[in-house]
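Each chain carries a letter (A, B and C) given by its place in the written order, and its residues are counted from 1.
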Amino acid sequence: MGEKVLMKGNEAIAEAAIAAGCRHFFGYPITPQTEVAAYMSKRMPKIGGVYLQGESEVASINMVLGAGAAGVRVMTSTSSPGISLMAEGISYIAGSDVPCLIVNVQRGGPGLGGIQPSQADYYQATKASGHGDFQMLVFAPSTVQEMVDLVAGAFELGDKYRMPAMILSDGMLGQMMEPVELPEKRENPEDNKPWAASGHQNKRGHNVINSLYIDPHELERLVVERYKKYDAIKETEQRAEEYLADDAEIIIVAFGASSRVSRSAVDMARKQGIKAGLVRPITLWPFPEKFLAKHAGHAKVFLSVEMSMGQMVDDVKLAINCSRPVEFFGRTGGVIPTPKEVLEQIVRLNGGGYRCR
Amino acid sequence: MPVKGERPHALLDVPLHYCPGCTHGIVHRLVAEVIDELGIEGKTVGVASVGCSVFTYNYFGCDMVQAPHGRAPAVATGVKRARPENVVFTYQGDGDLAAIGMGETVHAAARGENIVAIFINNAIYGMTGGQMAPTTLPGQVTQTTPYGRDVKTAGNPIRVCELLSSLDGVALAQRVTVDCVRNVNIAKKAIRKAFEYQMEGRGYCIIEVVSTCPTNWGLSPKDAIQWLRDNMLPYYPLGVYKDAGEAEQ
Amino acid sequence: MTGDLNILLAGFGGQGILFTGKVIAYAGLMGGREVSWLPSYGPEMRGGTANCSVCLSDKTIGSPLVTMPDVLVAMNLPSLEKFEGDVVPGGLIIVDSSIISKKVSRSDVRAVYVDASNIAESNGLKGAANMIILGRMFRETGFCSAEILDKGLQKSIPPKKIELLGNNRKAIQLGIDS
């Protein structure tokens, strides 16, 4: 561990990936994630790694598929519209059980949308990242340091479960600088991936990395197997941070950038004597249901604060089995909510002014 | 080198799903023979595409990756960049390589990506039941050009080797066919040269094999071969369109 | 100095707004505080306005976006007009009066006018108005010690451009003395 340095979130992700042994990066330029690629293009040639700018996000994600299939630690990074283009490849990657890291530095949508920070890809990341039955591991850092910490973990869990992992960042976290302490460098990990298509050296049968199964029963069996794995992940990998939640009557649920705003609002509310708290999902898939369910007993109301039109609300409702009202406050299109705006909602709820029951 | 008639080691002993008279089987064999002769099965990774050749991952004895439709050059790029010591080839049809995957193809070629593309051009989509391909001939009847391909509305066919030969990253672009023993031998030499060029690090190599699709052309295997000679070869002339090795001499 | 300090720096792209923020953030870090630095980004920065939020705190920083600044540095008129109303009562507004002739209209904030761009020009430090403003801000707020500020400056200049250190130091001093 060295001294703390100021780094942009985007650069910190890149350096953390290198520290985690990632030597392969494929991507396509898009704001506001471009610093990830720029950083990689600078560093990779100096450490014997591969940086390659694909001709599109479509090509880039398939390069990730190829490198991941060949058994190396590989990543890409893009921003919202780029993920839409990568949806095909992500589905194939999941269907082929290939681990990789995908970074989404979210911006406003739909369409070309805007370039300012957003969280409107929540559904896309957690529910529908591509066609078919599958999930990705989705991590939502809220500080630059946490980005660094989650990158290594995302690679590890991706390898462990043989599945794609996503860091769901946003333009604010990507562009801002905060002090970070970088982890110890891990040299190129010679990961034990006996399943990889890296040449059988005439020592084993041929490995096939594939997502095609013409026999529906075989495909069903494989998908069901995968869902058993997902169930195990739901059981063991949920992560969240609780802030002043233990005695809270009003619990804000927020991740990433909006959780920081919410944290400020909680502090302001506490100063006014309002028992507000925050549960901040760190994993969005698996959604940290356990962390929410345990507060359903003492909380009077939940408030989902998002930089979208409320894509996480249903997950909060399900996590607490609709036992409490779940309200929503959000800004979208690239607008960052202010602590004051969130405080106003807390004050409203403290007066019992629920919109829903 | 295997005795003639014996199955090459790099071709697995499984039934192929191809229709009678389809030339995929011949091309598979040629690729496998070359892999055997070069002794590279243990370090070769093949990339299967989408189309009739989708199941090649079950047929070749080397490690295989199955790519999304058109993306084989990108997937192969990923494999090769991750494992430069491996020999990497794609096996793609005309829809995969020249329609949905033209972007990936052109850019892999332009980068001089050190991979081999085995390109089966039979002027039709086989797997989906005979629709127009980017290489479907003018006037050719397919399921989606029922009155014959009208170039005014459906556009013109693409001559892939000619197109790619202008790119600096291409080391070898050669069009072959497998309609007779002589041409089969030429095709095999071309495929071998492509693999050798890759091992020498020369860049992107494409071997376009003008092929038949008796089923979707609605012809007997014998008539399909004749139709290929009469119609395909005049539009898609055989030959070497680029050879970086020749240029050096 | 301890306690939270939320700073908003705003001006034209090219005036060194983001760099100024970086020096402040690094000084905060050198002083052992929690810091965050958040730039505006995108096309608006190209020839348009650039702004930068810097938070210094003794505890975990919530929102890094400064919407109610304790200190506003305005280096062009649009920035002053846009953000003047957001400054907390009792807050500080530092204006580059070489560029902005307008006065701060509020009476519940402290306004400081620095002829920064002209001072820079006349001292052969063209382009260093931002550091002059920083020097003045340091004097007005004492957000860190002089030693820490210098450390922050050193950290902020990339090794390749270390020759710029002297002029930046000089400009900061001119700001302190302004």
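FYI, a contact is a pair of C-beta atoms (placed from the backbone, for glycine too) under 8 Å apart; a residue touches a chain by one contact, two chains touch by 3 or more.
Given the structure is predicted, the values throughout are model-derived calculations rather than measurements.
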Geometric centre: closest chain by C-alpha means: A
Furthest chain, CA centroid comparison against subunit C: B
Interchain centroid distance [CA atoms averaged], subunit A/subunit B, Å: 39
Centre-to-centre distance between subunit C and subunit B (centres being mean Cα positions), rounded to whole Å: 62
Distance from subunit C to subunit A - Cα centre to Cα centre, in angstrom: 34
Interfacial residue positions of subunit A with respect to subunit B in the complex: 24, 26, 50, 52, 54-56, 58-60, 62-72, 74, 88-89, 92, 96, 196-203, 206-212
Subunit C residues within the subunit A interface of the complex: 22, 25-26, 29, 34-39, 41-43, 60-65, 67-68, 155
Contact set on subunit B toward subunit A in their complex: 12, 41-45, 47-48, 54, 57-58, 60-68, 71, 73-83, 85-86, 103-104, 107
Parts of subunit A lying in touch with subunit C, wherever the complex brings them together: 4, 6, 31-32, 115-116, 171-172, 175-179, 260-265, 267, 336, 338-340
